[in-house]
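Before anything else, here is the set of structures, which you'll find just below.
In the two complexes that follow, chain A is the common piece, with chain B as its partner first and chain C second.
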Partner chain A sequence: MVSASMYIAQDKLTTTLDELAKKFELWVPVAAMEKQRVVRFMPYQAGMEPVLAEQSGLGPKNALLPQVETLLKFSYRKDVDDPGQKRLQLEAPEPPKQALIFGARPCDARGFLIFDQVFSHGPYVDDIYTARRETTLIATLVCLDEDAACFCSSVGSGPADMEGSDLRLTPIAGGYVVEALNDRAQPVMEVLAEPASEIQLAAARKVQEEAAQRRVGGADLTQSRASFLKRFEDMGYWREMVSQCLSCGICTYVCPTCYCFSITDEMKEDRGERIRSWDSCMFYTYTAEASGHNPRPTRLERYRNRVGHKFGYFPEKYQGMIACCGCGRCIRGCPVSIDIRRVAENLKESSDACA
Partner chain B sequence: MHVLSPYRPELATIIEVIQETHNIKTFRVVLDDPEKMRTFNFRPGQVGQLSVFGVGESTFVINSPPTRMDYLQFSVMRVGEVTQKLHQLNKGDQVGIRAPLGNGFAYEDMRGKDILFVGGGIGMAPLRTLLLYMLDNRDDYGNITVIYGARSPLDLCYRYEFDEWRAGGVDLILTVDAEFPGWQERVGFVPTVLSEESPTPFNKIALVCGPPIMIKFVLYSLRELGFEDQQIVTTLEKRMKCGVGICGRCNIGSKYVCVDGPVFTCEQLREMVNEL
Partner chain C sequence: MKTSLTTELHEKIREVFTELELMIGWEAGFDALHTTPVFIRSADDVGRLTWGLLCAQNLTTYLGKDLTLMAAARESNKKIGICVKGCDSRSIVGLIQDRLIERDRLYIIGLPCQGVIDWKKVAARMPISGISSVRIAGQEVIIEGAAGERRFDLQELLARRCLRCLYPNPLISDCVVGETVAPRVKKQDVHQDVAKIEGLSLQDRLAFWQQELDRCLRCYACRNACPFCICQDRCIAETRDPKWLSQYVKLPEKFLFHFIHAMHLAGRCTECGECERVCPMDIPVTLIKEELNKITAELLDYEAGLDVNAVPPLVTFNPSETGL
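And then the complex of A and B:
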């Protein structure tokens, strides 16, 4: 029987990851660029140094919803009975491998809880996402590294929130205590060599308790639906809040809860693939129709839709759950300093407050 | 719940192509799997995603009724990439179909009522499905009136069927925007013709589909005639990708046109955010 809690010493971290990588497609946060240091989750390769002491710039959403992935393969073949005609053959994409996301944060794990609602709970089930979700384990750090843009407690989460995670990683002096949170986590625990000592476990409890008591962020944003709907047609408000928006789409790109995608075909000679790729509601072409009509023609309508989706429409559809995990990445990434907390908080104020 | 991949189309073969107008073609297709074709079931007003593999997918209403299952019919106006490619396909070519998708018309609730169809251009496609369904269940419905308009007589779809509609007891009022040599029917915009006809709203359902500008003025006319919002039904279009309520783009507030629509009553539309 494997012990319920194990320990990874900091100086054993890479050798442990080497072992885990033999069994899992392993995703870890690493500094991806040399000049501009960006930490992002990438498939682990020997020699990589994971960065666990700060939040990643781009979370692990790639692991469950790849930026580009194949939904379907197709090929045209000559019809043997009628050589003038081509016949189609369809092929499903390859099934997913066992995967492990190592070093996620509570906000990252929460993003996947939101994805689950959309992709796995019907009325139609996305078989590709759901299969990958079932074969992917998430090892989440108790978060000690919030900054001024973090607001996970405002969205009903918090730095010690382990909902949606399979393993808990608690940083203590000299290493990490690893605890299985469910039976799915056993294959990971089996790889780890060193059980956590009583002292290490006690240190981990202390870290967890302190994290659980910390409140990260300001006002509660979970009940914004009614005020959003009241603000919907108040274009003065949206102009005041987001007129500087550039439609660059970075907020959706880095967002752990943004899942909207496009489907396109790519083909070379007689073979091709139907591809799913991340899309962004910030782009004009996202909703532009062939007729020329666009229901969200300007940045104001598009940003309004983003706020509405997260704080108004999503809870209406999914039992009050809001589609924001409070990670703050959109705030850090925005080149024109739009702060979604400010936009969501101010929905409540009377309409003439910003007249 | 659907366990099969919602993104995987069924292969189907085109058995007939009808040139309706200069930029609209009607495709009649049959699913390649005979068992799936035999058991294919849908509601009038439901849509399908047609695939041209290598180009992409677009959404079209299935405009043949479930009472006529020799083939599934789609009318396609050539406006974008996929429709351009579809127009180049011929009898014998294969396409992909993901269908049925969406909600369809609440035709059960319309039984015993008089029906008024108001269509413009390609907007007749979804209405035709329900019209033929009603003709095939004629006793269930009261008087059926169709006001159908287009820019010119050459822009009217389903011209070869008008006699059948009339023979089925449909009061068919055809109109075009401007005088045209040899045109014996009405001349004038659809909303104007509707006002001239001034149908009573009593025990009636109005089904409206056409270009946005037509819908807008038809709604004015209908309200002037005393139609209530719950008596007016329309179908919406949005840019779509997945067609199954996941990819996120065809929303109007919390509703997705692909699964909650495309058919809505005006009463439902009024309760949604104003972002058509």
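And then the complex of A and C:
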């Protein structure tokens, strides 16, 4: 019988990950290079040093919604019965492996809850995402780190929020207490060797309680829909708020809740792949129409859409749920430091005054 | 960060504000380590502007990309005000050379610059959570953090681009705020970083760029932050018809994009270093442009963004040219 809570000592972390990697496709946050400190989730390889004491710059989105993934492979082959013709052959992508995301943050796990609404909960079910989601476990850290860009409590989450996670990792002195949050987590627990002691569990409880009491971020942003709709046509507002936007894709690519994609057929000679790749509503081509018309011709309409999607259209469609997990990556990563909290908070001000 | 220079900047702008359509400058950002560009359209808002060690963004990028700015200034017969550091002023010169902007539609506030801080260098040295202020005293940066005050040598925190800056003083301006600053580097040492890469064997050089560019997300922040990337929505990296680059994010796509980006800038890049600063994956992409600039200097004795009347060598043709 496996204990309900286990312990990983800091000095056993990499050997534990080595063991887990035998059973799972394992995703961990690692620094890209020693001096350049971009931490991103990568498939684990022996020798990698995970960075668990700070939030990753690029979260685990790639594990469930890869930047590029093959939807199907195709080839044209000569028809043996009718050699003048070619026949199309289709090949399904490989089924997903058992995967484990180790060291996510509550904000990272929350991002996937938003994806689930879109890809798994109907009316349209994306088989590829759903299959991968079902075979992926998420081990989430109780978050002790926050900086000026974090605002998870403003979106209805918080540093101890375990919604959407399968295992809880609680950092205590000398290591991590690991707790299964559901039955799915059992295969992970079986790999771990050391049960958590009473003292370690008590230390973990303390860390969890303290984290649960922390409020990260300012004003509540979950009820911004009505004020967004009132602001929609107020281009002066968008000009004031986001004129400095460069219309690059950083905010959308680092965002755990941005899921927009493009589908293209990439072909060479008589074979190719249909791929799904991340797209960004910040790009001109995202809404460019074949006629040449573009309904979002400038960065102002594009940024407005980003705010509208997260705080207006998404909750309208999905029972009030907003499509923002408060991780702050878009703020930290923005080359011109646009603060989406400010844009969302200020929606209210004079639109209410006008009303 | 209210310094006497910031106050002086406010005064200078207020004096001329009636002549301006708007003023592009920096204001405080989401924390004490960041500023954000701001477009000031009312004299009442001039006090929002700030100037100092954190004003990293090259604001001239808005001039060439948002053509409505110049159009509005022509319409109102006013000027676009803009704050420029030394490096940014070279971009202004380049944009005038490229005939993308009109000199007499600009009111340029030149800001002699000691360099800007790379906040990631701060983050590598102390917890950035809870930092309440950053100020400078001489060559020392004093940072008020959650656990008390920390002092650093300015040199230690400067962005790479600032460590190799030859032109800290604006080359073109209508007024200057601040004292002239001496460059930190000698002309012969400007290309030291790229010389290191040149010193590698071809194989190692390829390996270096493979390792670096492998991280690229194709977010195009480097392109969009560049004052000279003005193809905008027609960039070869994104066009669908013809479709030059696939949607894959493998090395060939990344190499093609970055090297085409750099080639388009050969002889035009003013080395403001914005492409490198904005990269979310910390890829030293300016190095590619530095190499091209080094070659341009060696072959054609030309440095971009110094003289509005000079003709950039790669946009002209001289049949008597020798040595190429």
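As a working rule, the second predicted complex is superposed on the first by the 347 of 355 C-alpha atoms of A that agree within 3 Å, B and C clash if a C-alpha of one lies under 4 Å from a C-alpha of the other, contacts with A are read in each partner's own complex, and residues count from 1 in each chain.
Note that in this section contacts are C-beta pairs under 8 Å (C-beta built on N, C-alpha and C of every residue); 3 or more make two chains touch, one makes a residue touch a chain.
The structure presented is a predicted model; accordingly, all values stated were derived computationally and were not measured.
**Student:** Between chain B and chain C, positioned on chain A by superposition, is the outcome a clash or a fit?
**Tutor:** After superposition on chain A, chain B vs chain C: fit, no clash.
**Student:** Based on the superposed arrangement, let me know which partner A:Ile275 touches: chain B (first), chain C (second), both, or neither?
**Tutor:** second
**Student:** Angle at chain A between chain B and chain C: what is it in degrees to the nearest 10, using CA centres?
**Tutor:** The three centres form an angle at chain A of 90 degrees.
**Student:** By the touch definition at the top of the document, which applies to A:Val38: first (chain B), second (chain C), both, or neither?
**Tutor:** Touch partner of A:Val38: chain C, not chain B.
**Student:** Please work out whether A:Gln223 is in contact with chain B alone, chain C alone, both, or neither, and reply first, second, both or neither.
**Tutor:** neither
**Student:** Looking at A:Asn182 after the superposition, I want to know if it touches chain B, chain C, both of them or none. Which is it: first, second, both, neither?
**Tutor:** neither
**Student:** Look at A:Thr15 in the shared chain and tell me whether it touches chain B only, chain C only, both, or neither; answer first, second, both or neither.
**Tutor:** Neither partner.
**Student:** After superposition on the shared chain, which partner residues are touched by A:Thr264: those of chain B (first), chain C (second), both, or neither?
**Tutor:** both
**Student:** Return first, second, both or neither, reflecting whether A:Gly57 touches chain B, chain C, both chains, or no partner chain.
**Tutor:** Only chain C; A:Gly57 stays clear of chain B.
**Student:** Between chain B (first) and chain C (second), which does A:Gln244 come into contact with in this model arrangement: first, second, both, or neither?
**Tutor:** The answer is second: A:Gln244 touches chain C but not chain B.
**Student:** Output check: A:Asp126 vs chain B and chain C. Expected answer is one of first, second, both, neither. What do you get?
**Tutor:** first
**Student:** Minimum CA distance, chain B versus chain C, superposed model, integer angstrom?
**Tutor:** Chain B and chain C, overlaid via chain A, are at closest 6 Å apart by C-alpha.
**Student:** Considering each complex separately, which residues of chain A are in contact with chain B in the first and with chain C in the second?
**Tutor:** Overlap of chain B and chain C footprints on chain A: residues 262, 264, 288.
**Student:** What part of chain A is in contact with chain C in the complex they form?
**Tutor:** Listed in rising order, the residues of chain A that touch chain C are 32-33, 36-38, 40, 57-58, 67-68, 145-149, 239, 243-244, 246-250, 253-254, 262, 264, 266, 275, 277, 280, 283-285, 288, 331, 333, 335-339, 341-342.
**Student:** Provide the residue numbers of chain B that touch chain A in the complex, in ascending order.
**Tutor:** Chain B reaches chain A through residues 1-9, 11, 53-57, 79-80, 83, 92-94, 96, 212, 237-239, 241-242, 244-249, 251-254, 259, 273-276.
**Student:** Hey, which residues of chain C end up touching chain A in the complex?
**Tutor:** Interface residues on chain C, with respect to chain A: 29-32, 34-39, 57, 61-62, 120, 123-124, 128-129, 131, 211, 215, 217-221, 223-225, 232-233, 238-240, 246-249, 274, 277-278, 280-282.
**Student:** What part of chain A is in contact with chain B in the complex they form?
**Tutor:** So the residues of chain A touching chain B come out as 71-72, 74, 76, 82, 85-88, 90, 92, 118-119, 122-128, 229, 232-233, 259-265, 267, 272, 274, 276, 279, 281, 286-291, 293, 295-296, 301, 305, 308-309, 312-314, 316-317.
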